[in-house]
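Right after this note come the structures.
Two complexes are shown next, each including chain A; its partner changes from chain B in the first to chain C in the second.
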Partner chain A sequence: MKFKCDRDALSDALQTVQRAVSSRPGIPALTGVLMNASGEELVLATTDLEVSARLRLPVQVQEEGVTLIPARLLADMVKSFDQAPVEFEAQSNQARIVCNNYEGTVRCLPAEDFPALQDPGGTRVTVDATALAEGIAQVARAASRDEARPILTGVLLEINREGLTMVATDSYRLAVRELTASAEGEAKALVPERALGEAGRAAGGDDKGQAELFVDQGQVAFRSGALTLTSRLIEGEFPNYRQLLPEHYENKLTASRQQLLDAVRRVGLMARESSPVKMEFNALGVRLSSSSPDFGGAIESVEAQYEGEEMTAAFNPGYLVDGLTAAVGERVEIEVRDGLKPAVIRGKGESYVYLVMPVRLPAPVG
Partner chain B sequence: MTAVESSMEGLPPVIADVPGQEHASAFLARAVQHPRHAYLFTGPEGSGKRLAMRAVAAALLCPDGGCGDCRACRLALGERHSNMLVLEPTGPDILVGRDAGDPNTARWLAGQAYLTPMEPGRKVLVVLQADRLRIEAADVLLKVLEEPPLDTVFVLLSARPDDLPDTIRSRCQEISFPPLSEEFVVESLVREGLDPGRARLACRLAGGNMGRARRLARDDDALAFRDVALEAAATAGQGPPGALAAAEQLTAAAKDFRGRLGEELAAELRPFLDERGKPEEAFRGVVRRLEEQHERRVRRAEREFLDWSLLALAAYWRDLVAASSGGGDDVLINLDRPGALGAERGAVSAVTAAIAMGAVEQARADLADETNLNARLILERLFLRLSSLAGHAV
Partner chain C sequence: MVSKLRATTAQRPAEPILHVDLDAFYASVEVLKDPSLAGKPVVVGSSGGRGVVMSASYEARARGLHSAMPSVRARRLCPDAVFVPPDFDSYRAYSNRFREILLSVTPVVEPLALDEAFLDVTGAVLLFGEPARIAQRVRSLVRSELSLTASVGGGPNKLIAKLASVEAKPDGMLMVPAEGVLQFLHPLPAEALWGIGEKTAATLARLGIRTVGELARTPAGILERVLGEAHAGGLLALAAGDDLRPVVPFEPPKSVSHEETYPRDLDDPDEILREILSLCHRVAERLRADGFRARTVTLKLRLPSFSTLTRSRTVATPTDLAADLFRITRELFAALPGGRRRFRLLGVAATGLVPAGSEQVALVKEGTWGEAERALDRVQRRFGRGAAVPASLLRRPGR
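Right after this comes the complex of A and B.
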């Protein structure tokens, strides 16, 4: 195998795929980047056995072939080169890299040991890359970190003809984001939160245009530009979240998102461990309070528009902050039923919904 | 074609290659057709559990059911297939682990169970020395075993299955691997080009453990532990001060062995290191893994040496029992030194020799329990007991 290419392009490509190289490999081949030169392009592939990355790069192929090279070594090597054409040649178990007056040789890893990555397939959906990155950031934070319930550590992707819905819950809160998208069919996938985060990272940043998602039985693939990320899926049935989504409540607070967020953060400082922030909804808006026997207490009122009966509910301030941060737009709506049913946070538009369970307050004395 | 070979006909090639365990092989060959979700392979060290596990993995991952030749088979037999995960205890216990990213822990294995396979097909999740599962770790594993993903087959290996929680054991189909027969081990070693007499001696001293027998038969220094053990026994025969000296001799020899092993392993790492003795960039991961394995081996080395020595000692007393019960030289374990027994033959009764053998076995059991930290104390107790028996005999 032999090719020639630009230093910058190769260096960037190696840096990108290096994110999926296992940091603690059990199999030496997983420390490698698989390089496949054919036609007029080079495909770089890496995997950490959960997330796999593939990147296509136009190069001048002089001899087609496949080789597996220690990823980090090669990336560092190419990064250290001056801007000049790089020549790469691999034969049996050794590769030779030439740039300007530099010539290096690297021992290859056994390419057969590298896992056979599956091509993207199944149901395909196209979405705006920026919206995808935003949606992932909105829901991923609600995924559970508790490994004892593996299903909840994932984010559910639901594809139907109207678009793509992303859902996550840790059973204390639930985040749902709908994205308009053009899909060819219906499919479901439960994606590990970390893998989805990588996909969000790849889709975010500068305007990446459209991103494609492919979902089949065994994996989900995200393709934006020349990069394709694939992830294994979590097996099992995600809870039926739709039955958790309430009809609209009678009681609704409409407030400045930033003002409410700042107030929850301030008052929440006093709420330690499990002690919640109490929210008293009334005609003037909402009064937040918290107290801790060890530290003291705090009260802050936020003026806002409130329609409905006066009522009190208490919440974990961290969960409120997550929901208020994820909701976009200047105004935010909080709908409440009573102190026992979940509150619903909505931002601008209907595309994002965040449910948060209240904390039961001790019954008033007397 | 031998009888054994003809009984292997029709088995997947990878399973037919599992040495010396016809019953287990025949059972596994049927099992891989419609695998259950969990198996427990039980049997002493060196009875072929791990080889059988690799063969089962190959049979489950190979598109042809275990041809032994294809990429899937090669990778599975080398424990490198990405649909296969092998949990190898890194310390005395298998722990729960921080999260699914914490290797060789229960959460790591459970996390893999809940993911779709890396390559299409099944997943094979393996726990070596499963009896080391700490109770909380066993609970994590139990949750997966209670609701196992359909595409996953668990294989647990254990030489001490009685130490496993019943809850785990009852969820696994148990397959036992008895010690390999002497004929089989000797035949295999002879086929590898070793001298038949030497092979038989090695097999008897190794208690049927094929890997250990092979080392004993190949390496001239490998019998050193027996000499040390017999010498120590002779010292112990001189009375209580001798007994303490014997314990000292044996512990020192074990330390020495550990030191030599450390040096050998360091030499193995050398090709991956640069002039300053640091791992070369490209091999960091490999080096780290090797270092971890080496640390484990060195940590175990001392106890292993002591165990071999005591095994040799037990063999010596067993030979005395055999000899005083009128057995010929061919029933001896220490086939190469029938003469050495000459002096003791008349002097020690079969009963005394049997009691001594029991004391040695007790000491081996005490040493096998790694929570028993003071090996020296165990040895002192043993040799004092042996020296009192010697006094009794006179």
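Right after this comes the complex of A and C.
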């Protein structure tokens, strides 16, 4: 196998597929990138058995063939090159890479040990890539990182003819984003947050046009441009999130999103050792405060429009920051019920909802 | 700024420390609960074979009864004494109101027990006048708001204030001026000082030291030989009326524990576990009421021979739930060596306390024990202890 290509294009491609390479080198073949040169393109493939990446790259193929090369090593090598054509040639168990005056040899991995990757299939959904990237960024942050509760480490994708709904919760907050999409049918998939995060990263950046999703039994595939990411699905029943979404509340704060976000960040600095930020809603807006016995405290009032009864609720500042960051638009709405019911954060439009559960303040002693 | 500071220090009283002590607290609360007890010798404590007097009304004290006396002996001395079982919920409720009265005078309140506290009124004099007036104010507030009587001692430090309140009892007040400290202190018996128990008192008596004054006049070298350097130095300072300890506004509890001595020894493992569960609930309720969670749980068991076994375990996540305490104590009990044993006392203690702080509410509920136990707290607060109990504690024999 032999091909020649541009350094930048190959480097970018290797950096992208490298993200699906296993970090646990139990199976040596999984640390490799499978390179398949045929026709006028090179197909790079990696997998850690949960997530697989496949990327097509136009190259000058001089001799067709397949080889498996340690992915990280090759990626680092190509990244270190100056911008110049790269020549790659693989014989039975060794590859030779040439760029300018540099020549390196790399031992190949056994290509026959690399698992066969399935082609994407199942229900096909087409969605704007930029919107998908935005939606994933908005929702994925609410997924749990606790491996002890595998279901909550996933993001639920609900597909019907009207569109695509993405949902994640770690049981303390819940994020829901609806996207317009065209789908062939209905489907549901619980995708590991890590895999969806990679898909979002790939769909983001410069306008990528349309992205495609393929939801199948046990796996989901995502295709944007030349890249296809495949992930196994998490098995199990996601909580019935619709039941958790409250009706509209009577009490609503409308504030400048950036101003509120900055204030929460500032006041949140003094909320140490998992102490919350207290929000007192009143006719003038909201008064934020925090205190930690060993460090100090902070108070900041944010002028805003508030309709409803005066009330106080406390929240984990990190959760508030996540919700306020994810909501788009200049203005943000926070609806509150009381100190024990979830608050609802909405940005511009109705397509994104972020629920955050309050922190129960300790009962006064005595 | 400087002149203001000077003005404040100029007014600093020479005797800023008060010791406030409610008179015969438990017994007095019982009389308030049941006015027919007024004027009778009332004893709070179990009248059973192993009970002791926890508190005695002044009528009972006049007959020679005092706290910590075995109930059997109290009954012999005073056959017409009315024995009342302790009701800590009521005592705590009165104690909270007592503390509020003290805090209305100064924030510098160091509670010592449900019924006594030290106050440092250095700052409060600017608002309420000299310490004697503040003492009077506290006494009249206790009388008007709690219908109880309090004795107050005042002095330049904690030692003198405490001794003065003892002298002032009952329903009195004694302010010892800084220049009169030695005159007040020296005639008192040596045991009046902290750090002089029965044993030390006997040692001192052999040297002919019976009063604080005699102690103060004893050369340091002689005392050091019989008591050790540290102890002797401490006692001489106290005997000179020196006590530098400040009033510490809040001392968080170091442990919460409950134990019970049973009228008959327990040997049935099921019954023992039920009693342990009951103790766990009392400890957990107290933790929640005080706003603490415990890291370490200790099970204490006393054999009929009076030897005591203790077993502890420390957990990663501090807890204030009886369900957690019981899971641990049950395992500790199961791991005890030997077969069926008899126990006369069981106890559960929670230590390594951390403030409970705030609690993140979950959207998707999992473990509901916390909710259940908090609901139990609310029911008991409203309808009284025992209004709702875990089913396994419903039919405990002898309860």
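Convention: the second predicted complex is superposed on the first by the 286 of 366 C-alpha atoms of A that agree within 3 Å, B and C clash if a C-alpha of one lies under 4 Å from a C-alpha of the other, contacts with A are read in each partner's own complex, and residues count from 1 in each chain.
Heads up, the rule we're going with is that a residue touches a chain if its C-beta (ideal position, glycine included) is under 8 Å from a C-beta of that chain, and two chains touch if they have at least 3 such contacts.
Please read these numbers as outputs of a predicted model, since none were measured by experiment.
Asker: Given the alignment on chain A, is it a clash or a fit between chain B and chain C?
Answerer: Overlaying the two structures gives chain B and chain C room side by side.
Asker: Regarding the shared-chain residue A:Ala29, is it in contact with chain B (first), chain C (second), both, or neither?
Answerer: first
Asker: Determine, under the contact definition given at the top, whether A:Leu49 touches first (chain B), second (chain C), both, or neither.
Answerer: Touch partner of A:Leu49: chain B, not chain C.
Asker: In this superposed model, does chain C or chain B come into contact with more residues of chain A?
Answerer: Of chain B and chain C, B contacts more residues of chain A.
Asker: After lining up the shared chain so the two structures overlap, which partner does A:Asp76 touch, if you call chain B first and chain C second: first, second, both or neither?
Answerer: Touch status of A:Asp76: first partner only.
Asker: One more residue to check, A:Glu250. First (chain B), second (chain C), both or neither?
Answerer: neither
Asker: Please indicate which partner A:Glu103 is in contact with in the superposed arrangement: first for chain B, second for chain C, both, or neither.
Answerer: neither
Asker: Report the closest approach of chain B and chain C over their C-alpha atoms in the superposed model, as a whole number of Å.
Answerer: Chain B and chain C, overlaid via chain A, are at closest 12 Å apart by C-alpha.
Asker: Using the touch rule from the top, collect the residues of chain C that touch chain A in their complex.
Answerer: Touching chain A: residues 96, 99-100, 290-291, 355-364, 366 of chain C.
Asker: Within the complex, which stretch of chain A touches chain B?
Answerer: Within the complex, chain A touches chain B at residues 22, 24-29, 31, 47, 49-50, 70, 72-73, 76, 106-107, 112-113, 115-116, 118, 145, 147-148, 150-151, 192, 217-219, 232-236.
Asker: Which part of chain A faces chain C closely enough to touch in the complex?
Answerer: Listed in rising order, the residues are 169, 171-174, 239, 244, 273-276, 293, 314, 316, 340, 342, 355, 357-363, 365-366.
Asker: Touching chain A in the complex: which residues of chain B?
Answerer: Going through chain B, the ones touching chain A are 71, 74-75, 80, 82, 85-86, 99-101, 103, 107, 110-111, 114-120, 140, 143, 149, 151, 281-286, 289.
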